[in-house]
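Several structures are given next for inspection.
One chain, subunit A, appears in both complexes that follow, with subunit B as partner in the first and subunit C in the second.
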Partner chain A sequence: MLRRVLPPLLPALLALLIFVALPMLWVVRTSFNELVDGAYMVEALSLDNYTRFLGNPWYLVNTLWFSVRIALLATAISVICAYPVALYIAGTRGLLRNVLMSLVMAPLLIGLVTLVYGWIVIFRGGGLLNSLMIALHVYDEPVRYMWNIKGVVILLVYIGAPYIVLSLLDSIEKISPYLVEAARNVGASRWTAFWKIVFPLTMPGLYAGLVIVFSLNFAAFAVPLMVGDSKTQMIGLVIYREALLNNDLPFASALSVIMVAANTLILLGMGALFGRLILNKLEVKQ
Partner chain B sequence: MPDDAIQVDAIQKLYGTMKAVDDVSFSVAPGEFVSLLGPSGCGKTTSLRMIAGFIEPSGGSIRVHGRDVTHLPPEKRDVGFVFQNYALWPHMTVAENVAFGLKLRRKSRREIAAKIEESLSVTGLSGYEDRLPKQLSGGQQQRVALARALALEPELLLMDEPLSNLDRALRVTMRRELKELQARMKMTTLYVTHDQEEALSMSNRVVIMNGGRVEQIARPYELYETPASSFVADFVGITNFFEGTLMRCAEDWDEVRLASGQVLHARAGAGQGGQPGDAVRALIRPERVTLLSGPEEGANILRGQVMLAEYFGAVLRYSVRLDSGETLRLEVHNFDAILENGTPVHVRVPPEHLRVLPLDGRA
Partner chain C sequence: MMRFDFGALALRGFTALMMLFLIFPIGVTLLVSLNPREFVLPPTGITFEWFRAAWTSETFLRGMSVSLVLGVCASLIANALALPAAMALVRCDFRGKAAVNLLLMSPMLIPTTIFSLALYIYFVRLGYGSGLLPLLVGHVIHVMPYALRIQTASLHRFDPSFEEAARNVGAGRLRTLVSITLPVMRTGLVSSFALCFILSWNDFPISVFLAPPGWTPLPVELFSYIKFQYDAVAAALASSLIVLSAVAMVLIDRFAGLRRVMRS
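Presenting the complex of A and B:
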């Protein structure tokens, strides 16, 4: 098995080693170094960088916990937005489907900066949305959507939802329509059949989407940088600032390690939860 | 009849201008086992799915025990359905699959447990309650699907080629078990199949369909022995076809002249009211043709040569090239030797078993 599989995988493994594993090891090593005034950094084996973050309640609340909350919130809203879209697309064919799929994929193909500025035009004080809402008398004063938490969440949802649509679609299309008919046949209404049969069977796709989107959201830095304010201190943004603005590579490295560790823990938790709820049943072997 | 379990009246299904089901009517009496038999695309599954409510008919009506269900959603019909691919819910155990419909009917916990036990026991699945569908073989999965349907004690059971995904040996066993179970429970059953053996061996009556239409509704024996059309004769079993002309319709016997000039006698009335001169088909089943031991003279005795001998163990089937040019297949059940290819033979086509059908456009 290994002898057959290894040779073709070798270039990829090598690339992973050079471009992922080694830099990460370097980051871990750097996280124990010290920053000395006037010097770039000095080799050391100190936990100071970790205690500086983990021992500081302000960081824990305003950066780590804040990032978890925003990532969870944006992921949850993405799911709520993406689910009906995926269901609808799954029921379409031909041209309509191609058009809808292109619309869903478009944000993934456009550069992030272009995308964010596009949304700023729509959501800013005198932007399209506010003008429309005021013209329709939904409200009288412009609502501030950008450069605050709202802006960050709106854009994270916009960027994350397509991934969830795509992974849900894959799951929905694997569900045989006969399973729904069988449920209707034994007395389930359309809604009950969806809730008891279709919904549980989309959990693998939902889970795959959640893993991707939560990780993207949790590590986001461009979005809070561009449309956030002083309160949206998400961990990715703080790492960016420490590494590139403050030149404090050891602290930035320690933060990176903490971010990856926290992300991994949360994903493991989600995995255990979904596994217990349903995935274990679906993945059982004959 | 008003007390029929199912009354299907002139149902139709159009897809664009294509008539998938065209003016199909039949009924099933309580406790009866009726098969819808036909080649793929004949509309049998579409008809069954219309009765279950999965497909809306374009016309006609469907009654279940006198109640018009034509436009009811499937969940309001109280009709059991067994799918070809089982359609078990993969995230539920065997017991949960069976319990699902019972829970929707708000049965008590005790009642549900009793029903699960009963329906798994009649389908031979006791002890499999906590298995997931993936952990079962195809045959076991189909039993679960059956148990799931039976647990609800439906007014009638619809089955869509339930055995066609199983291997042959299992199919034959399950066929027998299914028939026994159906007869014991007196379960009104409508069964779709393309397998004539299944239809003939299990059914009280068979509805044979072709191109969206009903060709014949008959008991298996009648279907085989007195097919109403060339299609039925050809689809059910093996038949020798000879095209020819009806020459004589008389009190004593009818006569058909084949294209080759050979004249065959048939029993009186075989021509079914046709007129001399009508183009007809003469049909004879291979097992009704007699292989004679030596040269004989007389009506319906034909000469030819063995072209092919196919030996099936209990049955020997010869293809005989007749001197008149036609090929005749015949079957022999008691034989002591197999004739070589090229052996000259005499065969007799018994007039009482020769069927004469009008040469219609549909055949």
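Presenting the complex of A and C:
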């Protein structure tokens, strides 16, 4: 069997081995190297790059902790935005459903730069939103929505929410309508039926969405690069800057290792939390 | 019963608001690109002046040709790599199939920041730091899982007895592939190609890490442009990209079901 299966799989697997696995291992190796005179990388086995980041409170607060906070915030807002939409779409069909699904998926296929342009036109100082608000006398001075933390969160939510809608829909569509009907028949209000039946059963889909979107947000560098400012030093952006602008490959590598480790830890924590949540809900149901 | 209706109404209202949020930047971009008075509202008519400017700009045209070549090559290579793998995954049962499948899909799970940095360092160390190869490799690996996903889906709907019949009347392996398998799979291949192409064409994060000087793909070019000015010419270019993406979306949805291929 192996002789029949291996040849067709080999090209793709080799490509992944050579261009994904080896480069990733190389990053780990590079993270122990040293930069001499701020320019030349020399082979070494030092932990300097790690201590430079982990031993520096400025980096810990303004980069690592900041990224965690922004990623959690944007993920939470995405969930709040996405949940009702998924619930509504699950109850539609035909043309309406197709239109809604296309709108949800459009941001995933249209490139980031294109979308950012649209948001800049709307949100910049003299942009549409400010002109409208000032014309309606909601406020008098233009509010800064872009090139700061608000812009980063808005964009992350814009890109993240569609993923959560999709993975929630997977869960919602698996729920048998008879379950809800049965609950209603024995006297549960619509709200109780939702809270006791539908909501717990959407936890797996919600969790799957959370994992994807949190990881995307945590590693984001293009969004803070485009619509952030000097205060939105997310870890992905620092990696980008150190690698491409400062040419400090060892430090960028160490940051990548730290980022993956932190991401894994947080996802494990989330997993434990969700495991408990789902179990509790199931107990309540019994 | 009153409460019930209120809930449904609130749900519908919230969804409408969210849809507005999703469509807003896209609609505004299209509006600005057709408005003769640039950012002044309301528009007095429709103009294609900005489109003409965008489509004759040296910088943008160069970016387009880079992105076009890159997108076509990356999609072709990714589909060629994915096709035999998809066939093995659909046709054969073997131990560790789930693990192999997960492995082949793994590029989707790695953050692009890390993946791009890894490739960048790798090629710098190998001495290819400023060539086109890293960029092409980055795009191929990025889109390959999507190709694999559409192709396995389209092979699942494929009746293998067609192939057996061809083999029985004496067609060789290659002949069977060319005259039976590929034609039957063509809708799947078209949507797979469309998806890979549009993902590569619109990609920013990988390109910004790996594009060598002088070979800037269109999204990176557009990014450097809007860093300094966000005029209607940029809107026209962005609108062109939106229209192209919409065409790709329709193609993919028609032949493969967009939802199944887009979830991570």
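Odds and ends about this structure:
By our rule, the second predicted complex is superposed on the first by the 261 of 286 C-alpha atoms of A that agree within 3 Å, B and C clash if a C-alpha of one lies under 4 Å from a C-alpha of the other, contacts with A are read in each partner's own complex, and residues count from 1 in each chain.
Note that in this section a residue touches a chain if its C-beta (ideal position, glycine included) is under 8 Å from a C-beta of that chain, and two chains touch if they have at least 3 such contacts.
Nothing here was measured: the structure is a model prediction, and the numbers come from that model.
In the superposition on chain A, A:L206 makes contact with neither subunit B nor subunit C.
In the superposition on chain A, contact is made by A:A188 with subunit B only, not with subunit C. In the superposed model, A:L22 lies in contact with subunit C only, and not with subunit B. In the superposition on chain A, A:I70 contacts neither subunit B nor subunit C. Looking at the shared chain after the overlay, A:V104 reaches subunit C, while subunit B stays out of its contact range. Applying the stated contact rule after C-alpha superposition, one finds that A:I278 touches subunit B and leaves subunit C untouched. Using the contact criterion defined above for the overlaid structures, shared-chain residue A:A90 touches neither subunit B nor subunit C, since it reaches no partner. Of the two partners, subunit B and subunit C, it is C that touches more residues of subunit A. In the superposed model, A:G236 lies in contact with subunit C only, and not with subunit B.
Looking at the shared chain after the overlay, A:V153 reaches neither subunit B nor subunit C. Touched by subunit B in one complex and by subunit C in the other are residues 189-190 of subunit A.
Remark: subunit A residues 1-2, 4-5, 7-9, 11-13, 15-16, 19-20, 22-24, 26-27, 30, 81-82, 84-85, 87-89, 100-122, 124, 128, 158, 161-163, 166-167, 169-170, 189-191, 212, 215-216, 218-222, 226, 236, 239-240, 243-244, 249, 252-253, 256, 259-260, 263 touch subunit C in the complex.
The touching residues of subunit B, when paired with subunit A in their complex, are 52-54, 73-75, 79-81, 83, 85, 87-91, 100-101, 104-105, 132, 134-135, 148-149, 152. Interface of subunit A with subunit B (complex): residues 176, 178-179, 181-190, 192, 196-197, 200-201, 278, 281-282, 284-286. Those residues of subunit C that touch subunit A in the shared complex are 3-4, 7, 11-12, 14-15, 18-19, 21-29, 32, 39, 41, 80-82, 84-85, 87-89, 92, 94, 100, 103-104, 106-107, 110-115, 117-122, 124-125, 137, 140-141, 144, 148, 198-199, 201-205, 208-209, 219-220, 222-223, 226, 230, 234-235, 238, 241-242, 245-246, 248-249, 253, 258-259, 262-264.
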